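Some structures are shown below for you to check.
Each of the next two complexes has chain A plus one other chain: chain B in the first, chain C in the second.
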Partner chain A sequence: MNSVLKAASYVLVHAPDMVLHNGTTQTTEKVVNPGSDYLKTLPQHLRGFDQVVAYPPNQTYIGNLSPKQLGELEQPFFDKPVENATRQGKFGEILPQDEFLLLFQACDMFDLVHLDKDFVAATKPALEQHPLMDAFILGRIREGTAMEQVERFVKEEGAEGLYYNGRLVGYIKRAHDVDANLSAHVMMENLASKASAVLALKHLVKVSGIEASQIDYVIECSEEACGDMNQRGGGNFAKSIAEMAGLPNATGCDVRGFCAAPSHALVTAASLVKSGTFKNVAVVAGGSTAKLGMNGKDHVRKGMQVLEDVLGGFAALISENDGQNPEIDLDIIGRHTVGTGASPQAVITSLVLTPLEKVGMKIQDIDKYAAEMQNPDITKPAGAGDVPQANFKMIGALAVKSGELPREGLNDFILNHGMVGWAPTQGHIPSGAPYLGHARQEILDGDITKAMIVGKGSLFLGRLTNQFDGISFVLKKNEGKKEPSGGASKEEVRGLIAQALRDFAASLS
Partner chain B sequence: MSLLNNKKVIIIGDRDGIPGPAIEECFKNTQAEILFSSTECFV
Partner chain C sequence: MDLENQKRVKELAEAHGPENILVILGAAEGEAAGIAAETVTAGDPTYAGPLTGVQLGLSVYHVCEDAIKSELDPTVYDEQIGMMEMVLDVDDIVKEMTAIREQFSKY
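On to the complex of A and B.
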């Protein structure tokens, strides 16, 4: 039987100071053009926490707005705050930066992160009120250190500063004197990814209602690499996240594939459960500090606020078929293969049309497609266009080309089978995965019966190949528990053996 | 395609638009010399 999507969780971490100090657009600018107007004016373009919470795409990400409700708003979204918006959502939450810094320190197992003791004292009470912060996490938060030490490590020891509201409040030091893979910069990226993934996984346990001890396996699918000079990228984020999230019976591994990694991980998880290897597999990813403010120059140039100010995280629970939750149909798997080619038409054909044709389905048989779900508020001012729209257009164009859709039906196809994007441009985060939670709900509510999740990845950025990549799968309404057909039950086998033995015994007499 | 004779070309493709290899294909039957081609990701 197919496995099911039992739950999905989503978290955002407001990280305005990390935009300034850790986003690669900004860190690069500091090297090549340190006195630039951009760097001078950028702080004035950062949003406050309340603005981030009230931002409609963020409310959609954590489940408080549906994709349909977001689509009914006129773009741009940044000047249309959601009234009475809350940081808690149906699928997760938006965590403020100060609370995140404490979680970040708690996730550090090697005494690398040190926070100013006054900052800890001021922030800890808020985190203690957090319903998901258990004794294990809270017990790991240290009292903090003197500000003189914080300043000394940042100035003299190559530590990366940790900031809150423009003020230095801590540091993360290097984990090795000479190994670049354990530098303060790399440890910052990896720990931020780990901590935001821990938050997503804690939410997954909550929203799914599963006992944490029942999760057997965790697949982590971010875009960071953890390891040392002898095994850069050795891993294992997954187990470190499971440890912090309190999953005593889980092991796991990391799956990589740039933005396509979540889809690869979900197909792998579904296969592991369907095969009976594991009963409950969690797929999880944290956020990317490097991508914060990636398109900030264009946003500032256009007088906008910098919208790439959150780390994204998500988690999904793939479990044995319960007869209720949507199934992951492993008979419909789209793959961008080595021989597929790079043109947008070839890519979408391999990921959408080919797997559907294989099972006799048409493009319009899928109610909703989720490909690249980047928020157009972020990408349009930067000249990258409306990415989800471009994907749906290409899928619709293939439906026209194959003769199942009249040319004049293309716009309606995009409206009916597509969605407006709401995900932050955090690489792996927007790629299909943001729709899992909403898709599950819409299928359970009977609004749709089938959704296709499409992950696409830019492998060429690693400079090992010019290949693109992608993988897709279909989430569909549960068809109910079915007994396996074509095989005999244990009782039948026992009966057959007993009969054979009786016949054999009879033949001897 | 005389316009492209003796021209040197640098190609920056967009993964969500037209990728580098697809643009390269368009230059194959011309006299242009491709110095560099890559695809970049802006999201």
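On to the complex of A and C.
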């Protein structure tokens, strides 16, 4: 029997100071052009927490707006705040930066993160009110350190500063004197990814209603690498996240594949559950500090606010078939193979048309497609166009080329089978995964019956291959629990074993 | 344009002479194609990469422009690019590319 998507959770972490200090567009600019106008004016283009909460794509990400409702708004979205928006969502939440810094410190197991004691005292009460922050997490938050020590470590010891509202409030120090893989910078990226993933996984446990102890495997699928100089991508983010999220019976591992990693991880999870190896597998990923403000120069040049100011995280629970939740159909797996080629046409054919044709389906038989779900507010001003729209156009054009759709039907196809994007440009986060929560809800509500999730990854970024990559799968309405056909019942198996034992005993006498 | 690609274009132009290099772009829309074309002709307009201030003036085309399309096997073109041609705003891309070429291309 197919496994099911039991729940999905989504979190955003507002991180305006990390845009300035950790986003690679900004850190590169500080090296190449330290006195630039961009760096001078950037702080005036950062949004406040309330603006981030009221931003329609963010409300869609955490489940308070449906993709349809977002699609009804006129673009751009940044000047259309959602009234009475809340940081809590149906699928998760938007966490403010100060609370995140405390969670960040709590997730540090090696005494690397130190926060100013006044900052801790001022922020801890808020985190204590947070419904998901349990005694384990709260108990790990240290009282904090003196500001003189914070300043000294940042100035003299190669520590990275941690900032809040433009003020230094802590540091993360290097985890080794010479090992570049344990530098303060790398530890910052990895711990931010871990902490945001922990938040997503805590929300997953809440929204799914599962006992944390029942999750027996965790697959982490971000784009970070943890390890020292002798094993630079050794892992295992998954287990470190499971530990912090309070999953005592889980083991796990990391799956990598750039932006396609979540889809690879979800297919792996569905296979592990369908095979019976594990019963409840959580797929999880935290956010990327490096990508904060990635298109900031274009946003500032166009007089906009910098919209890449949040870390994104998500988690999905894949469980044994419960007869209710949408199934992950492992008979329809699109795959970009080594021989596929890198042209967009070859890529989309391999991920969409080929797997559907194999089971006698047409492109239009899938109600909704979710490929690269980047928010067009972010990408359009940066000259990258509307990425989800481009994907739906390509899928529609393929339907035209394969003769199942008249050319004049292309625009309707995009409207009916596509969606407007709402995901932050956090690499692995937009690739198909943002739709899981909404897709599950829409299938349960009977609005749609089949959705295809398409993960795509640009492997050339790792400079090992020019291969493109991608994998896709279909989420479909649950057909109800069925006994596997053609197999033997428990009674029949017992009878067969008894007969075999009798025969064996007879052969001994 | 990606910093690594800028470096590769610069090195190729130095090794073979800018007059012997033709850059073919596959950008998905006019503005992006224009920025990439500007980068390999007038220099990196974002002032971030190795082509900042380097006016190579290379010959540059988008793969959907007739000058390139007419050089290719129509079957291969249809197999690899036909779908994208249906999707892209080719007129806008041609307009951007022509403007950049007229202004900055030396070859």
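One rule holds for everything that comes next: the second predicted complex is superposed on the first by the 494 of 509 C-alpha atoms of A that agree within 3 Å, B and C clash if a C-alpha of one lies under 4 Å from a C-alpha of the other, contacts with A are read in each partner's own complex, and residues count from 1 in each chain.
Just so we're on the same page, a contact is a pair of C-beta atoms (placed from the backbone, for glycine too) under 8 Å apart; a residue touches a chain by one contact, two chains touch by 3 or more.
Note that the coordinates shown come from a computational prediction; the quantities given were computed from them, not determined experimentally.
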item	value
Which superposed partner A:295 touches (first chain B, second chain C, both, neither)	first
First, second, both or neither for A:468, with chain B first and chain C second	first
First (chain B), second (chain C), both or neither touched by A:393	second
Which superposed partner A:28 touches (first chain B, second chain C, both, neither)	second
Contacts of A:384 with chain B and chain C, given as first, second, both or neither	both
First, second, both or neither for A:343, with chain B first and chain C second	both
Touching partner for A:430 - first (chain B), second (chain C), both, neither	first
Partner chain in contact with A:452 - chain B first, chain C second, else both or neither	neither
Touched partner set for A:372, first chain B, second chain C, both or neither	first
Doubly contacted residues of chain A, that is, touched by chain B and again by chain C	341, 343-344, 383-385, 390
Contact set on chain A toward chain C in their complex	28-29, 32-33, 297, 341, 343-346, 348, 383-385, 390, 393-394, 397-398, 400-401, 407, 410, 463
Residues of chain C touching chain A in the complex	4, 28-29, 31-32, 35, 46-48, 79-84, 86-87
Partner chain B, residues of chain A touching it in the complex	258-259, 294-295, 341-344, 372, 374, 378-379, 382-385, 387, 390, 425, 427, 430, 456, 458, 460-461, 466, 468
Partner chain A, residues of chain B touching it in the complex	14-22, 38-43
